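Just below sit the structures, each encoded as structure tokens.
Across the two complexes that follow, subunit A remains constant while its partner is subunit B and subsequently subunit C.
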Partner chain A sequence: MRYFVSRVMFFVLTLWAAVTLNFIIPRLQPGDPAQTMVQRLAGQSEAIDPAAIRAVQIMLGLPTGSIFEQYVDYLQAVVRGDFGISYTYFPYTVTHMIAEALPWTIVLVGVTHVLGFVIGTLLGAAAAWKRNGKFDTVVSLGSTFIGTLPFFWIALILIYVLAFTLRWFPEAGGYSGEIDPAWSWAFFGDAIYHGILPALSLLITAPIGWIMGMRNNMVHTLGEDYTRLALAKGLRQRRVALTYSARVAILPNVTGFALGLGTILGGTVMVEMIFGYPGMGKLMFDAISNRDYPLMQTIFLFTTIGVLLANLCADILYGVLDPRVRREAQT
Partner chain B sequence: MTERASLEPGAVSPEGAGSPLLSVENLSVSYAATRAVRDVSFQLHDGEFVGLLGESGSGKTTLGNALLRLLPPPGRISEGRVMWWGSARTGEAREGPEPHRAGRDLTTIGQEDLRRLRWREMSTVFQSSMNSLNPVLTIETQFRDVIEEHTAMRGAPARQRIGQLLEMVMLDPSYMRFYPHELSGGMKQRVALALALALRPRFVLLDEPTTGLDVIVQRSILDNVRALQREQGFAVLLISHDLGTVMEVSDRVMVMYAGKIVEDQRASTMIAEPMHPYTRGLLGAYADPRAREVEIAYIPGRPPDLSRPGQRGCLFAPRCQEAIDVCRAEEPVLSAMGQGEAACHVAEAAYAAGDGRRDQSARAGEVFTAPAGRTDRGPRVERRQEVLAVAGVHKRYRSRRGLKVTEVDAVQDVSFVLRAGTVTALVGQSGSGKTTLARMVTGVERPDTGSVTFGELRVDRLRGRGLKAYRRHVQLVFQDPFAALNPAHTIGYTLSRPLINHQDVTGAALRPAIEELLERVGLSPASTYIEKYPHQLSGGQQQRVVVARALAPDPEIIVADEPISMLDVSIRAEILELLDTLVRERGIAMLYITHDLLSARVLADEVLVLHNGKLVESGATLEVIRGARDAYTRQLLDAIPNPFATRRG
Partner chain C sequence: MSTPIGQVAKPIDSEPAPGDVAAAVRRSRLPSWVVILWANRKSRIGLIMLGLFIFVAVFAPLLATHDPKVTDFAQSLPPGGAHPLGTTASGQDILSQLVYGARTSIVVGLVAGTVVTFIALLVGLTAGYLQGWVDEVLSFLINLALVVPVLPLMITIAAYSPVRGLFLIIFVISITGWAWGARVKRAQILTLRSRDYITAARFAGEGRLRIIFAEIMPNMMSLVVAGFLGAAAGAIGAEAGLEFLGLGDPTTVSWGTMLYWANNSGAMLTGQWIWLGAPGLAIALLLSSLTLINFGVDALSNPHLRER
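== the complex of A and B ==
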């Protein structure tokens, strides 16, 4: 129990530190923080758009009152979810833009991340259990081959074959223009229909790493004495494979999986750009290309929170699955 | 469970009275080109306690794994059968001979049939059980799954049974809630043993069940095994490289060399009359440390490489002092002679001619003698030059868990001196503070109070550059030679480092200097070793390289931490002799750390016995050993396996 409490406390602490740094850093430079920040991001030589400075000032909170009052204001704004107004999508707020994009990304990346992990781990475990068999050869060679292909190439092939030639799926977008984004079945169906192609492209590549990792770990645990002892005990093959060999082999992968969750909030720029998908990746791309500082800053803050959350997940999962980290050895 | 008649001495001859429980017929096992087990046949009877003895690499584990059909790839049974005569149990029909028992060949039996036999009929404790428990399951789960797989026992009764099993191996039932990493090595071993006995099997294979544990823990576990075996009557095949242990607990001993069984006879007669020269050599490695004069022998050379094809004749011949011409042409087969069986031409001829007496003494091999008091190293100990003095040192470790701070007094008020040309043995159980003291001598650890002085130098006050310079004078020899050598570097490279760093030997002078070091530790001709990598050498040769590296900076002090405990019995004496020669010829002061009083007796001038951080006994070796006053010292003496002592009941 103490382990979990300490992990959560560590999370809260780092979260606070990240939020505070976000407040402090723009104020460390001399002069008007908004101006310096825009100047830094834009490059020294360029002329600065006063609109940009205004937007940043709104985001930072106008420097009135003592630094302590500013800090309290800032914290309150963060808690309220008030990050100012987007410069590109004026007059929408940053919060509004993120709220629009986040669900798309969470569904697409989240689902494929989980599915990729499950599929990859199962395939890897099966390959290891029947190692050097036909199945293993196909899986190992197949994943090595796919692993060498560039992602955008796979995505483009998919678009070309399934969308352009066969016309089974739309080529781009998250939903059709004809349907209004609303909480309706028609819209959901349409969104899923649009999501299949990007999801498919992610699902082809996502399991590769898990397959290789799981296979290697499990080939190792299969040779361990405790697996051989489980066989000697006359346990059923299934139990030996799952509770003894796979159960231990999965541990290192679980950390990788949880840490991978952290990238969800940031979206996947490449997938979203190729498929014109309206998620966080695309939003970030737009923010950067338009120098929309409030939006950028907030997305960075979100990514940081995502990574911290993922770390927390990883620690907790590991603690649940591996008793060795929970309790210290007592001899 | 009733006591079995077959346990009485003499009731079972190796040939077997009645039908066997397990019979191995012409079994051969190979790993690709390596023929690890070659044409082995033997029988095992109900309730028999049989030892399988041999040095590492002789094929013991392979044979054991083959019996249970647990060979790891690429291991393969290339020939022979393993017949199991104990049919699947029905009720208590296992008492008394069963004339119509049908045998089943374990090497060909179907997977499902085999699975049902496993653990109910035959179970095992693996070599190095450190890793044979699943790290993510509780002890209880690991008992429960096998109990539920093979019996109808569930829930509370199963739990109760697990508790009983743990108590049987002297562990508190509450340990069942623990995970393996929360137990010490000895406790894990006990758990593995209890697990093996969970379903009251008829046959238990124990593969080096206590190797690597503290001697006193070893002793207690083996006594426990033997008592349980007497009580429950299961048959045991105990695999070990430690002759003393095997001889003491087994009814019958089989000796394995280069994949073959070379001798098989009752332990009681084997001690008096070993037949095979190899067995005779092994027995020579034991002696009573309390004797006025102690002689221990070793068998020079090393076992053959079983992956080389076309080897003819007796594979022991290159190391055998009794070899005759026919030995090199024809491989002897295991056949009845004397009171048992042996595979040796000379022994066979001797028994055919009469009572088997041979010209050579039973102590075959090279002999290393320790006289009552060491005078061969120069003047009396007290007059030899003092090199390092440890005076009144204390060390307390604090460890914090949560808010609780626990303090351990690792070393309390210890004083001693190391003298030139003198070996000082530091004896004690693990955790007694030996390592902490050794670290103070090397300057790695500072005492809280007290001093360590080397000449004019206060070692306990050194830091940085000074400490680095001091290291040249103190060198270490570790327990595990392979771990101490970098596997990626050749022997030549490994030895060149200290020569370059400490002795400023460079360029053309380097190679002769390396060769000289190798020759000095008996690796000759040196040129054949320079280009080799550690894994290409045997354990004994690796340890010689480690010693050579320690000699390179020309140190005044060598700290040797259990330098022979990982080596095979047949070559331990060889390394002891090497250390002895170096100390004598180069006037080195040696701190020899061990818990083996026999080796301390042979090598050391003085002994310091450490218990819970305190010096409980010290003085001249023979005096300490003979007049052991401290309870702990006596316990250590009792823990030395001694095949010649009267066997324990």
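== the complex of A and C ==
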């Protein structure tokens, strides 16, 4: 029980830290942040939108209050779920824009992250089982190289070859213009068809971390006495590999699952931008390009909270799976 | 960038170091770390590749056939003739840009890698050696920095900055990328500080700093070097990514800005696959060289791995 309480405590603390970080970042620049931002917006276009000024002021609190009052106001707004109005997509609120983009990213990241984890763990286990064999060498060296390829470059090359030259897949977008977004099979099919290339861009490097982690853990567990005993007892190879070695070796990968989410979310920013995929990543990119600070900040906050939640789930799952962790927390 | 900055993804125990490296270290006049790394086949390949990149970066003005910023040439030329890799949509020589781009990447890797390693060492050593409430606070900071998604954080900080450029990118990478290294180093010092020889040194009256730097540090060399290589690789990848997103200074010549311009001025429409392909491949090869060197780093503070 102690273990779970400490994990929830950590979650609450990190949540507070993330919310506070989000408050601090805009104030790191010299001068009055609201004024600087309004000036910069004014420099961009001749007629400054009064809505933009208001949005900035709502986001940063009125400059008359002390920094502490601003902080309290900000915390209250976050608790209410009031993140102001996006001035790129006026008159929509920031939360409205995020609610529209969120499902796209959850599906894209969810599918690629789970698939990457499964593929990587299986490949890593196979490489460790036949270690120093031909398969292991190919997988180890191959992933050393592929792991260094930048996400966005893979995406560019995939568009160039599969969409632009061969015309197998659409070049951009999340769905065709002719089909209205609706709960229909035609729309789902179309969305999947558009999602294949973005997913593939993430999937090429996604398994690498899991391959390495799983292979290295399993090399250790293969040397443990219980694995040797299982082999000596004459159990079938497949059974020893899966239920004796791999089952223990997979544990560190479970915690890694949540941490890896942050990395793949970073990848989606670029991949979504390149493909014009209507998710959080593209929304964030648009927010940066238009200097839509309220929108950008809120997306950063949501992304962080998402990763923190995933991390909490992974920690709890880890405690359930591995009794040693619970016992350690008690001593 | 499939792992956090500084985290090293490499397979373990794939190759025992051949021959008697210890003897070679004694014989050679080169610094011992070079000999130790050179003895490992993968590290050797990595060192050679990295050497080539550094050579290109240092002698860029001699190797490049044109000024990389000059836009005097015909636009979007195919490869061949005076322009072996063709020209960009605004008429710059692609090969010269590629050569000068190596400079930017190497500088970013070197500077950001050093800063990240320094912060990681400072935080990790302090937390692990002092323990108590200092450790509690620092460990919380480390864990916090590990769970915050790095790229969105970098983007947010970079987007607010009034000036854009290489300095900003190095700064952003440095303050966001230290967590993994700090965690690893803290764990290592926790196991080292309870060893008998450290206790003996403490009883002999050695100062705290001397114990940390003279007794503990030599045993952490491989971690520090591996951490530096990982941080440098992460920084090079992150720099390219930020520049590709347009958060760098678009007038710098670097592999990231090359990709930014290639994507934004329709290299696909003109069929200039080299303009798109070459910078990405260069990044991947440079990062591979760092990963390959890492294969032999474990032997630096573990003599058993050398003499097997």
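Assume the second predicted complex is superposed on the first by the 241 of 331 C-alpha atoms of A that agree within 3 Å, B and C clash if a C-alpha of one lies under 4 Å from a C-alpha of the other, contacts with A are read in each partner's own complex, and residues count from 1 in each chain.
The rule is short, and it goes like this: contacts are C-beta pairs under 8 Å (C-beta built on N, C-alpha and C of every residue); 3 or more make two chains touch, one makes a residue touch a chain.
Computed from a prediction, not measured in an experiment: that's the story for all the values here.
After superposition on the shared chain, subunit A has more residues touched by C, the comparison being subunit B against subunit C. Residue contacts after overlaying the shared chain place A:Gln70 against neither subunit B nor subunit C.
Of the two partner chains placed by the overlay, only subunit B lies in contact with A:Val248; subunit C stays clear of it. Of the two partner chains placed by the overlay, only subunit B lies in contact with A:Pro323; subunit C stays clear of it. Contacts of A:Thr88 after superposition on the shared chain: neither subunit B nor subunit C is touched.
Of the two partner chains placed around the shared chain by superposition, subunit B is the only one that A:Asp225 touches, whereas subunit C remains out of contact.
Applying the stated contact rule after C-alpha superposition, one finds that A:Ile274 touches subunit C and leaves subunit B untouched. Contacts of A:Ile208 after superposition: subunit C is touched, whereas subunit B is not reached. Comparing the two complexes, no residue of subunit A contacts subunit B in one case and subunit C in the other.
Interface residues of subunit B facing subunit A in the complex, by the touch rule stated above, are 68, 70, 72, 114-120, 123-124, 126, 128-129, 131-138, 145-146, 149-150, 179, 181-184, 401-402.
Of all residues in subunit A, only 2, 223-226, 228-236, 239, 243-244, 247-248, 251, 321-324, 327-331 touch subunit B in the complex they form.
Residue ranges of subunit A in contact with subunit C, taken from their complex: 10, 13-14, 17-18, 21, 25-26, 28-29, 36, 40, 127, 131-132, 136-137, 140, 143-145, 147-153, 156-157, 159-160, 164, 205-206, 208-209, 212, 215-216, 219, 258-259, 261-263, 265-267, 269-270, 273-274, 284-285, 288-289, 291, 293, 296-297, 299-300, 303-304, 307-308, 311.
The touching residues of subunit C, when paired with subunit A in their complex, are 1-4, 9-14, 140, 143-144, 146-153, 155-157, 159-162, 233, 237, 240-241, 244-247, 259, 262-263, 268, 273, 276-277, 279-280, 283-285, 287-288, 291-292.
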